[in-house]
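Below you'll find the structure I mean.
Labels for the chains are A, B, C and D, by order of writing; each one numbers its residues from 1.
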Amino acid sequence: MTASSRPARPAILGPNQYGKAENRVVKITRDGATHHIKDLNVSVSLSGDMDEVHYFGSNANVLPTDTTKNTVYAFAKEYGIESAEQFGIHLARHFVTSQEPIKTARIRIEEYAWERIETSDAGSGSTGGADEARHSFVRKGQETRLTQITYDGETWEVISGLKDLVVMNSTNSEFWGYVKDKYTTLPEAYDRILATEVSGRWRFNWTGDEQKMPDWEKSYDQVRKHMLQAFAETYSLSLQQTLYQMGSRIIENRGEIDEVRFSLPNKHHFLVDLKPFGLENDTADGAVYFAADRPYGLIEATILRDGAEPRIPVDMTNL
Amino acid sequence: MTASSRPARPAILGPNQYGKAENRVVKITRDGATHHIKDLNVSVSLSGDMDEVHYFGSNANVLPTDTTKNTVYAFAKEYGIESAEQFGIHLARHFVTSQEPIKTARIRIEEYAWERIETSDAGSGSTGGADEARHSFVRKGQETRLTQITYDGETWEVISGLKDLVVMNSTNSEFWGYVKDKYTTLPEAYDRILATEVSGRWRFNWTGDEQKMPDWEKSYDQVRKHMLQAFAETYSLSLQQTLYQMGSRIIENRGEIDEVRFSLPNKHHFLVDLKPFGLENDTADGAVYFAADRPYGLIEATILRDGAEPRIPVDMTNL
Amino acid sequence: MTASSRPARPAILGPNQYGKAENRVVKITRDGATHHIKDLNVSVSLSGDMDEVHYFGSNANVLPTDTTKNTVYAFAKEYGIESAEQFGIHLARHFVTSQEPIKTARIRIEEYAWERIETSDAGSGSTGGADEARHSFVRKGQETRLTQITYDGETWEVISGLKDLVVMNSTNSEFWGYVKDKYTTLPEAYDRILATEVSGRWRFNWTGDEQKMPDWEKSYDQVRKHMLQAFAETYSLSLQQTLYQMGSRIIENRGEIDEVRFSLPNKHHFLVDLKPFGLENDTADGAVYFAADRPYGLIEATILRDGAEPRIPVDMTNL
Amino acid sequence: MTASSRPARPAILGPNQYGKAENRVVKITRDGATHHIKDLNVSVSLSGDMDEVHYFGSNANVLPTDTTKNTVYAFAKEYGIESAEQFGIHLARHFVTSQEPIKTARIRIEEYAWERIETSDAGSGSTGGADEARHSFVRKGQETRLTQITYDGETWEVISGLKDLVVMNSTNSEFWGYVKDKYTTLPEAYDRILATEVSGRWRFNWTGDEQKMPDWEKSYDQVRKHMLQAFAETYSLSLQQTLYQMGSRIIENRGEIDEVRFSLPNKHHFLVDLKPFGLENDTADGAVYFAADRPYGLIEATILRDGAEPRIPVDMTNL
């Protein structure tokens, strides 16, 4: 836009984006009597030459958000959903290459996992047997898988991750040797519960169409496995230490990933004081804890492959 | 209370109850290096001779809600938590038998399931091996298990259940042959997705201390299994039919249960019309669906063992 | 249904209902440049001769839930929305009188209030002045108004209410003189915060078309006012006492109402112990409190006009 | 930290922060019988020399999150809460200046507004009159006020804002003249509802202790007023245009603010097609709308004072 095309006002347009958020798309694939399911929540965000619509309400450069929604559903049929990442790549490429005013597309996807329902050996007579039940699912309900694809016409950025994965070590966690100021009352702990709700994101070093694309499904499974094992196998002196172990285990084992960021709320489990009732409550004997909601410690950090630059936003929680 | 002890006002006290809700208690049991976890949310509700406190603010008959909270934690240590049901029975008996003014106790419990984290074969060197990791858990995150124990000093009522269990059949569901009035526009469906979020409650016929108590843990697992199998194995002509099959399968297979009630939202998955984009979207080929939030069909019914009386409240959702 | 028409199985159908829940309907009424808004969430639940659909999947008696949704929108246009109660009465009457198998209809409605945005005196030039802005609203965001209409073809039951109304007295609340058992550790309080999130329901004594219908809008405003004033003006020795005062004030002032039920969580505000930091924290000087989430006391009771029977369900919270 | 102090591993620590989130603090101030309330949710986040704790679990530089919680409550008593911004400034300055390893503090605060309950003229006899009721409040329940204070020992950054403010224009909104590609099916609209749930943040140009500090309370009220008036008074051709008007009105009227960012979901209200039921549903006569949940258009942009740099993060929603 030329300078003359904006209003003679002190307020100018800065960074902006728009699109349709939370398109809930379910794709069933039939392989004979065996069905497969992909269950996604897709959010499209586009940016580019959008001065006119903000300053004057001219929609000449605006592809409607309704159209971006339609595109999500049409692409699910045309291309299928091989993985959330691959699906997002299809969509981002389409918007940037098909619409001249659109310079960058960012696709965010949540994926919900489903498991098959195990049916009885013989089925229930006339209503069918085990074969027919290959179309029956129960939502896994554990973590939500995430990905964010950003494309500017040349370079790809893929950040995948998960949220809402709650984990606990019932021992092998201590916390002592910390700074004590006039507001410090916390007693040191030598055997405590360490629990958190993992929110993690990891950035792939795949950035260009000329590079070999990662196996997105396998990568997710492996990252998740290493992360959980690092959590379980770390004797923890602080949640920060555990966080670093989780991130470094991923960096060391998964060459396709250069950066990991975690936001780990410390889900406090407080030992209940049962002395007033004549009861001991020692951790060594198996103890009773109060699981607190708020406030909670919040530990956030990025772990990088040596030489990589941090690109995952510092704040994954809302401003 | 004598009639003279209430104020000379037109408004009188009706049914009432009080207690401490949502006591979050986690109990760890240590079996050598192997830990076990019980993770509950316990709500206590008491009723009895409570006219004075309502009419005049006299707390002479009121055991504080804070005390009921303390009791929950103390009992978790004294008796352990064998099952949510057994724990609730301990608590209900205590309040009714130890406090003269308390005539009835009702204990509601939510239980969250945890799975063990599988650790790597060799552990991570100095921080331990597989043995040590028997204290590491990930929250299962699927349904929430429920129970409600009511005791009036003589008779027990145990209603257990679950909520938030999302299930789907991607085929074997039809809906046609229904009433059509002037406001009917719905086309008949011969191959649709049937999905719901199961909220179920089931009442045990165990009511007295002289009867053999059910195996609460086994019962839950079996009810859940039969319910899921009935959902998967029913070729459905309506969600009502599926609901009846789920309930009757439980009644037929679990002699300890006399009544089941389900509240089943029909989680609509609408076939997307892709014709404007030149695409077919037939269920037979694997289709693309829009997963809708609101509104939703809501199907609720009680299934009874022949001869049993319905006692589970009709409305499990909020008034 | 004749006995022969049910399957030869041990499980029989008990109480049941079905319909479309959470139909979000917004009705704008234009009075020249001044617009009015009604913003409702309508849930329809029907019951009647529904054995066939549960036992055999025959939908011959089933008016689709989709049709009930269409009816909600069509009636909003045909009859307008004078009040949530009046709108629910139109709907309930329609379903029971137009569909022979439907014996009872229950309509639940949530209503969200909006306020007008005050505009500047002169407007903003070409985009209009104060007149034009009579179509601009901000959602009030305080309580959600509720009603439930039940009709069986002869008798009406109307229960209205509200939820999510958070109130606080920062003094004039005490709690002492309660029962102390071995699990009691709570210190007595002579000046505490009393806060709750009001969930209330009240039943009208209007039950038949031959009676004069209440002014639903005025009734709601008056009930709300009396309830809030009773909360504010009661010097409280227990939340139960405050609850009774709130209910009795309604019964005494509103002749159209025979029964009130409240579910009042005690939103605990704990005085923070600041002694370790050399600070007093006395209520008399203005104190600092920790606002806790869980657990919370929960006080529930019905207040009745003398001679009336309790009909509002004891449990307004989920089973 | 010297290079030798980190482990010989490929993964290095990047940006990190830690603290206690969601400290719920309520401060009552007594002015005779008239009480005042400040109700905040305070989150503390600190960063600095934290390599050792991540790499080795040494807490020697770690002020416990529990201590930061204690500090919040102690400061509420010591300094009172004049405004959320002023309170955050006290806290941030304390952490950075009192702890050598802490280089930056970020304080986020949510504030919940309360209104006084209007009491009856005469009170209720012995339980008090209007004077006593100056301690009775009802939570306003509209928007949540926000602020974020960041301090690095030299420079202040204050970003305030709000969320959850739902607004609607029932007319004076159009949408047409947009791009049409093969996936476009949306019909043009010449009279539609425009509704959104405002999430806004604005950055102050106050950055140093030598500058005069803004009047935080007055600023908030004025920004909110201008924003609402701009929404109401704009004849809208696109939500982007309305967004720009809202931002520019703030920039033009409030000299203390250099940058505004909005995230505006387009809360779609779809005209219901009532033709199948023989009904017209024209906007000019007052129409019936379906208020949709998902998907929704999402419009996000920054409005800057000419010459200012954008510093508010582009993504206020979760990654």
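The rule is simple: contacts are C-beta pairs under 8 Å (C-beta built on N, C-alpha and C of every residue); 3 or more make two chains touch, one makes a residue touch a chain.
Each chain and its UniProt protein: A, B, C, D = Uricase.
Keep in mind that this is a model prediction, so the values were computed, not measured.
Using each chain's Cα centroid, which is most distant from the centroid of chain A?
So the farthest one, by centre of C-alpha atoms, is C.
Please pick, from B-C, A-B or B-D, the pair whose interface repeats that of A-D, with more than half of the contact pairs identical by residue number.
B-C
I want to compare two interfaces, A-C and C-D. Which one has more contacting C-beta pairs?
Between the two chain pairs, C-D has more contacting C-beta pairs.
Can you check whether chain A and chain B touch via the same residue numbers (shared by over half) or via different ones?
same
Could you put a whole-Å number on the gap between the CA centroids of chain B and chain C?
Roughly 23 Å, centre to centre.
Return the distance between the CA-based centres of chain C and chain D, expressed in whole Å.
Here chain C and chain D have centroids separated by 29 Å.
As a quick test, compute the distance in whole Å between the mean CA positions of chain A and chain C.
Roughly 37 Å, centre to centre.
Which parts of chain C, given as residue numbers and ranges, touch two or more other chains?
Only 24, 70, 74, 183, 185, 276-277, 293-294 qualify.
Looking at which chains touch which, would you call it a line, ring, star, complete or other?
complete
Show which residues of chain C lie in contact with chain D when the two form their complex.
Chain C residues touching chain D: 24-30, 35, 37, 39, 70, 73-74, 76-78, 114, 117-120, 123-124, 126-128, 132-133, 135-143, 164-172, 193, 228-235, 269, 272, 274, 276-277, 279, 281, 283-293.
Note which residues of chain C are touching chain B in the complex, please.
9-24, 43, 45, 50, 53-67, 69-71, 74, 98-99, 101, 108, 146, 148, 159, 161, 163, 175-181, 183-186, 201, 236-238, 240-241, 243-244, 247-248, 251-252, 259, 261, 265-266, 294-306, 310, 312-319
Going by the contact rule set out above, which residues of chain A touch chain C in the complex?
Chain A reaches chain C through residues 182-183, 185, 276-277, 293-294.
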